[in-house]
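Chain naming follows the written order as A, B and C, and within any one chain the residues start at number 1.
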Amino acid sequence: MTVKAQQRSALLNILLITVLVVWMVMAAFPFLWTLWGSFKVEGDFFSKANWANSLTGTLTKTETGSAFTGMGYHGAWVKEAFGIAAINTVIVCLFVVTISLTFGTLGGYALSRSTYRYTFWFLIIALIFRAMPPVTLVSGYLPVFFKWNMWGHLPTAILVLVAINQPFTLWMLHSFFKNIPKDLDESAMVDGCNRFQAFRYVIVPVMWPGVITTGLFSFLLAYNDFAVTAMILSKENQTMVPKIAGFLGSTQVKGNVMFAVAAVVSVTAPLFVMIMVFQRQIVSGLTAGAVKG
Amino acid sequence: MKHKTFFWFVLPSSVAMLLFIFVPIISVVVQSLHVEHEQVIISVENCGPFGCTQATTIDQEATKKLLEAEPLGRFSGFDTYADRNHLAVEDVSQAWDKADNWRDFGSQILNLPFYKAMSFTLAYTFIVTPLVLIVGFIIAVAVNGAVKAIRGPIIFFSLLPMMVTPLVGSLIIFWMVDARGVLGSMLQVLAGDPELSVKASTPLTWVMLMFYGVWHSAPFAFIVYYAGLQTVNQDTLESAMIDGANRWEQIRYVIIPHLLPLTTFIALMQLMDNFRVFEPIVSFAASAHATSLSWSIYNDLGGEVRQLSSAAATSVLTIIGVAILLSPVLIRTWRDFSRK
Amino acid sequence: MFLKKMTVAAAVVLMSSQAYAACGISEGNVSIIGNEFPAIHTVANAAAACAGDGVEVKSNLTADHKEIHVAGMQGNPAEYSSAIIANSTLVALMNEDVVRPLDDLLAKHGEGIPKSNLITVDGKVMAVAFMANAQTLAYRKDVLAEAGVEVPTTYEEMLAAAKVIRDKGLMENPLGGAYKSGWNLAEEFVNMYIGHGGEFFKPGSAEPAINNEAGIATLEMLKALAEYMNPDYLTHDSNATNAEMEAGNVALMNMWGSRMGNLMDDEGAEEQVYSNIVVGGPLTVAGGSIPASTLWWDGWTVAKNVSDADAEATFLAMKNGISPDILTEETMGQAVWMIEGYTPAPVNDGVFAAIKAGTKPYPMLPYQGLLHTALGNNIADFLLGSESAEQSLADAEAAYVAAAKEKGFL
């Protein structure tokens, strides 16, 4: 790295910095704008009169008396009990990530170690499974879930999300395990371990970086899912995204969009902490893992 | 690895996929080959708080008998696939016979819902996928060149487009590009046209949807590439430098080949996701200008009267489309696999 | 709105002790599915007040109710014993035969439910309505006065008024309307087509009959109106249209009665704007006497696939849900209630004017929903100017025919 840095010309430096600045603005500007706007009233944030109202807060001043208001946050968290949805989301994400990774590491490991042709077809079929649009899958589930009294419960949503997520998890972990030298577990087996013991005692300790990266993507899938959770969770078990959708209103009735904006902003903070904690592992995970595809 | 061990290792994920993906796919295929029974319709008088009107309703007694005889509905073979709302075989052949030239034929074909959806879906897939790869790669190289201390926050902000709930994220972007929103106003100034409205024009709506697609997916490519860059073999890089390779040549001959397998992985996932583009069309209320296959499915299932067979047929067509799209990549993977 | 909901919930809890005795349910399970908005919350909460020894009342109110309720009522026993629906949605439930006729329950417990609220199909009562809605005119009285035009009563007058307002430079795009491609646009077509005296189907059959002069006149009128709208009108749902109105960009628009309260309150707009918004009746078109609008009701049903005891409990709980007791100061403004003791506020003038003017209810035909979807997907092409009115209507008919064949209607 240091060698490269020394050799970098001034022109190249400027180019790199420009790319970074442009990208940072593009990636962060909408979010920062939202963060600022979440302390305004709806008439300002989604102002059809003049976008600058969002900066000055004209209506916010007339309606609340000050240029900033915490109404959106108060509405979402206190009046609408967004906290319950947040807890449900934490439960769903926690279980989806854990179960996906447990199933995925076992399957991915086997797929990377078996040399038979069926592993290739297994992976291809998993990929084709992923092509199925989730909307269709969900409409197929509904009659069955209602019949067997499975509809509305968190475990059902968790199972469905785990299943939908399996193809991606398998592909990613399979390529990760391919990069862990076969000698490691094979020498353990020579020493008298069976396959599972070799996996448990030799592979598990070195697999964390790849698992954490895959886990990040599983997490984002469960966390941002709308198609599945909106349709198969009952009201009291609702997760955050369908709850936010409920704030948006419908044709005949006005919603409360600022509740949604405030809710979205406030759930991004824990994500920041999460990325800060895991960023080193994310990078090293992919380093060791997906490199060879 | 022994067959038996393999079996036990893949059992949990196979069972999950079998129950929640494979079985539904089978039922969707079966559904797409059937249509509902002929409904026995009777004229009735409907009354309510606003007076009485003559209307019709379904004779449930008569329909029930038909349903008991054949619970799946009438077998229709590939009729649903061939009808006007899907492959429109008849209309295409008519258009072929009648059209005077290619242009005329093309416009008639694009008036059919399936081909209209297909045109946007394919354009979106083939424009967004390469752009995501390129943008993701450029950002990864730039971040890799940044000082270590600021990389953490940069990674967080770079991931934001992927992390903010699309439901609300796209709502905010949609407002921003409004003619009176902050980005829309900026575009008007840049274009020197105070009347410019992105949402009112079909080409600009397409550009907006694709721009959103790249913005939303570039972080995925970025994070994968960035990680890949950490493992570039420093010895190879240094020896290339000693051989007098300039920076561009280093990237061209060392870094890009190193990242090629990763590119396959990203391309595979992105091709598939972009082919199923759906959320931006709904959030940006763009269906007057652009539709996609997944949007058609959503539209069939979301109406007052659900069209299950139609949605099933479109879903099967989507799977086939994805399979065709991925086949070059898959053939490559198969060769790699066989070589081992 | 949401603040009110909480107070209502509290009020309902307080009332529940008396209400329990009034419900008269000894045992049973009640489970309600419906859309999520304050008026329906009020009804569901009042129904929940019947819960007690051996009586369980649950409700699932969500914007996605339409995707769930058929599946949720098809099982036996059904997950939901009652669905709260509107005219168009009742048809979807009846098509699948999941709701039961209420005649015997009405004979037994129907006392206090006004006859006029009963929705009958083929002589059988299928639902009980409790609130009404319709799209009517909303306008800015200050802008009309400044332009020197009368309040329009027809769409032709609306166009003329719009021209004056634009020519005088008062507003650039003085008209508003929920023309978002899809359901909203099709709804505008349905309104305008009924105003032109059109029939959607050949009598007594499911054959479409919209590609005619009335259909073309309807599309021409929609396009003429759109000329005076914000160029983005094909993306504007009622939220965006109302935002335009509140921002002071729009002087005249056709809007849902249920949304008027938000326009006239002091949130979201400058005083100059909200204090001058007035609600008018529905407009007519092309010299017709039937308003170019449709009447909607919301009501409740009882599921077919539940035990008779549960059905009875559901009936009683829902009856309690729409009893006059639910009308308090907070709930009064939530909707145009069709409940005894309801006193309308000025915001509801439009819906009442619509009922008085003989506005037709939204058609309750088993295949109307399919035509609605087909219209929503095809007529935007005409408004965008990429094809003729005849072609758009022919496309809509063709798309409908393909869908109706698949559903067994043709």
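For the reader, a short list of remarks on this structure follows.
We take it that contacts are C-beta pairs under 8 Å (C-beta built on N, C-alpha and C of every residue); 3 or more make two chains touch, one makes a residue touch a chain.
Nothing here was measured: the structure is a model prediction, and the numbers come from that model.
Closest chain to the protein centre (all Cα atoms averaged), using per-chain Cα means: B. When each chain is reduced to the average of its Cα atoms, C sits farthest from chain A.
The two chains most heavily joined by C-beta contacts are A-B.
Mean C-alpha positions place chain B and chain C at a centre distance of 33 Å.
Annotation: 37 Å between the Cα-based centres of chain A and chain C.
Annotation: 18 Å between the Cα-based centres of chain A and chain B. Counting partners per residue, chain C has 67, 237 as the residues that reach two or more other chains. Each of residues 178, 301, 306 in chain B touches at least two other chains. Residue positions of chain A with contacts to 2 or more other chains are 46-49, 139, 245, 248, 257. The touching residues of chain A, counted against chain B in their complex, run 3-5, 7-8, 12, 16, 19-20, 23-24, 26-28, 30-31, 33-34, 46-51, 54, 102-104, 106-107, 109-111, 113-117, 119-120, 122, 124, 126-133, 135-137, 139-141, 159-160, 162-164, 166-172, 175, 195-196, 213, 220, 224, 226, 240-241, 244-245, 248, 257, 260-261, 263-264, 267-268, 271-272, 275-276, 279, 282-293.
Interface of chain B with chain C (complex): residues 35-39, 41-51, 53, 55-58, 60, 63-64, 73-74, 80, 83-85, 111, 113, 178-179, 195, 197, 199-200, 202, 284-289, 291, 299, 301-307, 309-310. Within the complex formed with chain A, the residues of chain C that make contact are 1-3, 6, 35-38, 59-64, 67-68, 71-72, 74-75, 78-79, 133, 178, 183-184, 237-239, 242-244, 246-249, 256, 258-259, 262, 266-271, 296. Looking at the complex, you find that chain B touches chain A at residues 1-3, 5-6, 9-10, 12-14, 16-17, 19-22, 24-25, 27-28, 138-139, 141-143, 145-146, 151-152, 154-169, 171-173, 175-176, 178, 180-182, 184-185, 215, 219, 223-224, 226-228, 230-231, 237-238, 241, 247, 258, 260-265, 268-269, 272, 275-276, 278, 293-294, 297-298, 301, 306, 308, 311-312, 315, 318-319, 322-323, 326, 330, 333-334, 337, 340.
Contact residues on chain A toward chain C in their complex (touch as defined above): 41-43, 46-49, 59, 62-63, 75, 79-80, 139, 142-143, 146-147, 149, 151-152, 230-231, 234-235, 238, 242, 245-246, 248-257, 259.
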